[in-house]
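This is the structure, below, for whatever I ask next.
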Amino acid sequence: MVRVKSRYLLCEVNVSDRSRLLLLDDRTIAVAVKAVVARTHGDYGAALCSVGFSVKYLNAHTGIVFLRLPKRCYRLLWSALPFITSVEARGQKIPCFLNCLHVGGTIRTCQKFLIRYNTQQLHRMLPKCKNEEEKQQVRQAILNCSLTRGKNEALEDELGSEEDEGE
Amino acid sequence: MSVFMDLNLSYTADRSALQSMVDTAAHLGFSTVAINYLFEPTAKKKQEIPTPTPINELIDQLPIVQGRSRPIRVLNRLTVVMSDSSHFRPTAPEYRSFDLLAVQPTTEKLFHAACMLYDVDIICISVTEKLPFFFKRAPVNGAVDRGLVFEVSYSTAIRDSTMRRYTIANAVSLMDSCKGKSVILSSAAEKALELRGPYDVTNLGLLFGLSDGDAKEAVTSTCRSVLLHAETRRTASGIIYTMRSCSESSCQQEAPPPSEGEAPAAKRHRPALTE
Amino acid sequence: MSVDLDQTPRSLLVCDRSSFLDEKNRISSQVEQLHFNYKVSVLLPECSSAPSHLDSVLNSFSSFYLIRKLPIHELLDKHFLEMAVYQGSAYGVSYRTRIDEDNCVALMPNGRLCLTLDKDSFQLLGFEGKLSRFTHRTNSRYVVSVDLTDSSMAPGGRGYLRLLTGLRSRLHLKCDFLLSHHPGGGASLQPLLSHYDWSEHRPEISTHALTHLSCPAQLTSDLQSCDPHSFLEWLGAVDGDISSENSPSSFLSSFVCPEPKTTLSQALSISVCGLLLPQDVHRLIQEIRCYLEQPLLESWVSLTVHGFVDSPVSWGGSEHGVLRGGENFYTLLMFHDHTYHLHLATGAHDICPP
Amino acid sequence: MRPVDKKGESAVYQRVVLKNASPYHYMKVCLVLEDESTRLSAVDFKQFIITGLKSLFGEVGAALNFDLLKYNEETLSAILRVYSRGLVKLWSSLTLLGSYQNQACAFRVLQVSPFLLALTGNSRELQLD
């Protein structure tokens, strides 16, 4: 059986006020992406975007989002993403931009990258910690990322099942 | 390559509009066109299947194809829009008076049936709505093997921006499944200004995800194989051939019984299978 | 399948640079191999009216004949073969037929008859041929090429009879046909003309005087420094009467003459249309070379020859086709020191020119 | 783009083969309007084509560079020059343009070529009777 080939974009939603991230949900991101693709690539882009595009996962706490794009036109759609300047969520306009961190062929590779990336981020945060307690917390988090497999596997399972359903 | 064809010009009761459409098609370089009668049965009341007006009554003078010394060839075609399997009656004698027979299935089940079972020439892809189903490889390949072709029409894409999105999206997902084989591009034009030249249509094919060569075949060779398929379908693989004058008279005689919705019992096993 | 809208069908441009004095120059074969010429245009810089001897060459281009609804089997007529094909060179190409759609026929000066047929006609004809180079997924076009001067194709020969019965009784191929003969002219074609509806046509000459023409200054320097594409573009602009007086920031058009440029106070553009023989083109080239030997201000002349878009062959016997445009033409840029630049261009369905 | 040097034996004879090297494509087009008396200026004409590009290919399409080399206001015919990589986009947006100021219209593309010279020597235009 031939698989529908996709590309998964791992993006980071950057906002000035991190508390507003929690307002986001899958749909708002999808709407924003579709709108910006229609604006930059017109009807043609919008048409390509209407088949095989979806927001696979959104972590409203960290602002991480997985976009699924059809492989044949992911470059075209990707080129529109930098033009997102705001996302409309629950009646509020949230100024933000999408920063693409990784492009992968499966959700799994993206997720592996994400774990590595988050570890790096934690490492970067470590020296900035104000007191020992915070430092300890961050250290613990790093250890969790790299050592404890239980949590990761749970996440992988969740994503893995979504992927299957997508094909 | 064979000659350029546009196998879908919408029928309008307005003679002069039809005439100007055929004139324009000839001027643009199409050597063969088909006038399409759309038949859209609804669930509630019974409707008459349209009968084609003979071409010589419809068009006074067949125009000469641009740059050539021969006149354009005009055919009749019937498209049945199906939302239920009872809408297509394989044995209906009315179908026989058309040169080409097309169906436009609106559900996945009907699409599957059309691809695998129905004795038609063309399967139309809806371009006015987002497809409610995906094109599965199996029925698409089945249809290709049986010599059926899929038709994408572009004139709705000229009329409206939303329809244009549906047209491109549906066409692209079709091309993904059939890999550019057995696809024809036609206009479905309702007036002359909605027609486009053959090379323009070829270029439009690129937008729909076809390659250069496939796009050109979609207006030439593939259309030719549709005509051949139609010919074999009408003549039982080329074995029986009935003259037009005979078939017309027999149609008129047979017309009343089928309009009651009854086909001869011996031939009824076919629709039963499709349900 | 990937969506890539940036690609265009292939095109070829061959740039030759040589001298008429060089023993190994191939200009005459390159000119003669393009059999079916549709248009010749000449650009004479700093010239207000055509020199008389050039004019007389242009006016002496052979006339050609249009035969309406010619059954192709008539080309195998014994008298015609004896009068036109075995002696001299006959040039014939079907008219009002499109190479990518219809059946096309060409009679080449070397006695080859080339038929490119769609699948149905090919099967009806029942004569061996080969698949066209440019068919795509389905095998829908075939090329039948026979040498009429071959012994098996002599009247009464086996191949001859097979082709004749094929064309006469199975495939009733009829088309409008353009025909010309060198050196016999109409007299050699009489066996054919006498039976059918025909008309004689003179090549149509049009002259266009240009003033204050911007022109690339580096026409005399070598090939590398004068980009062939921008040169051809400029020549096309002159031919098509397109203004190059634009500022690079203009909204409508940023097309300008390639830099560095000079201005010609006047120039003359002459073009001839019809079925033109390579022999006549060759004579014209010789005449232009004589013209260039006179001491003049500008020391170059350009000559462009367009082949028929729908001819079954381009250069020599190589197959020609149309994808979107069947361009096959060459531009000869001649200088007074007997050097020349030759640009040969073809579109997507052509092999590389000689 | 692949220049191939086939022969470089002497300084006198030189042969260069350029494949797909044409930077531009040229299109001969003609606009047909429902109301034949409508006239467009060259600026309107180009603006109209840009509108078509914008609706089909968005802002990226609208930024596509093309030149209106020649325009005839009487016949609404024009010669366009476009970078080769933008040809398919420009052509398809011309094809899908269907209305000009609420009247139906159609672009008829008469010829497309990578060489401007080819536009003046099209044997399909030969009329003999």
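To keep things simple, chains are lettered A, B, C and D as they appear, and every chain counts its residues starting from 1.
Definition applied: contacts are C-beta pairs under 8 Å (C-beta built on N, C-alpha and C of every residue); 3 or more make two chains touch, one makes a residue touch a chain.
Computed from a prediction, not measured in an experiment: that's the story for all the values here.
**Student:** Pick the pair with more C-beta contacts: B-D or B-C?
**Tutor:** B-C
**Student:** Determine the chain that sits nearest the middle of the structure, using the mean of its CA atoms as its centre.
**Tutor:** So the chain sitting closest to the middle is D.
**Student:** Counting only Cα atoms for the centres, state how far chain B is from chain D in Å.
**Tutor:** Computed from C-alpha means, the inter-chain centre distance equals 32 Å.
**Student:** So how far apart, in whole Å, are chain A and chain C when each is placed at the average of its C-alpha atoms?
**Tutor:** 60
**Student:** I'd like the Å distance between the centres of chain A and chain D, where a centre is the mean of that chain's Cα atoms.
**Tutor:** Roughly 42 Å separates the two chain centres.
**Student:** Among the residues of chain B, pick out those that touch two or more other chains and give their numbers.
**Tutor:** 67, 161, 164, 172, 176, 199, 203, 206-207, 209
**Student:** By the touch rule stated above, which residues of chain D touch at least two different other chains?
**Tutor:** 55-56, 88, 92, 112, 124
**Student:** Give the residues of chain A that touch two or more other chains, as numbers and ranges in rising order.
**Tutor:** 43-44, 48, 72
**Student:** Under the definition above, what is the set of chain B residues touching chain D in their complex?
**Tutor:** Per the touch definition, chain B meets chain D at residues 28, 67, 154, 157-159, 161, 164, 191, 193-197, 199-201, 203-204, 206-207.
**Student:** In their shared complex, at which residues does chain B touch chain C?
**Tutor:** Contact set of chain B toward chain C: 1-4, 29, 31, 67-69, 172, 175-176, 179-181, 199, 202-203, 206-207, 209, 211-214, 216-217, 220-222, 224-225.
**Student:** If you look only at chain C, which of its residues touch chain B in the complex?
**Tutor:** 1, 3, 5, 9, 68-69, 96-98, 100-102, 118-119, 135-138, 140-141, 175-176, 323-324, 348
**Student:** Going by the contact rule at the top, pick out the chain D residues touching chain B in the complex.
**Tutor:** Residue list for chain D touching chain B: 32, 34, 55-56, 88, 91-92, 94-98, 104-109, 112, 124.
**Student:** With touch defined as at the start, can you tell me which chain A residues reach chain B in the complex?
**Tutor:** Listed in rising order, the residues of chain A that touch chain B are 2, 4, 43-44, 46-48, 50-51, 72.
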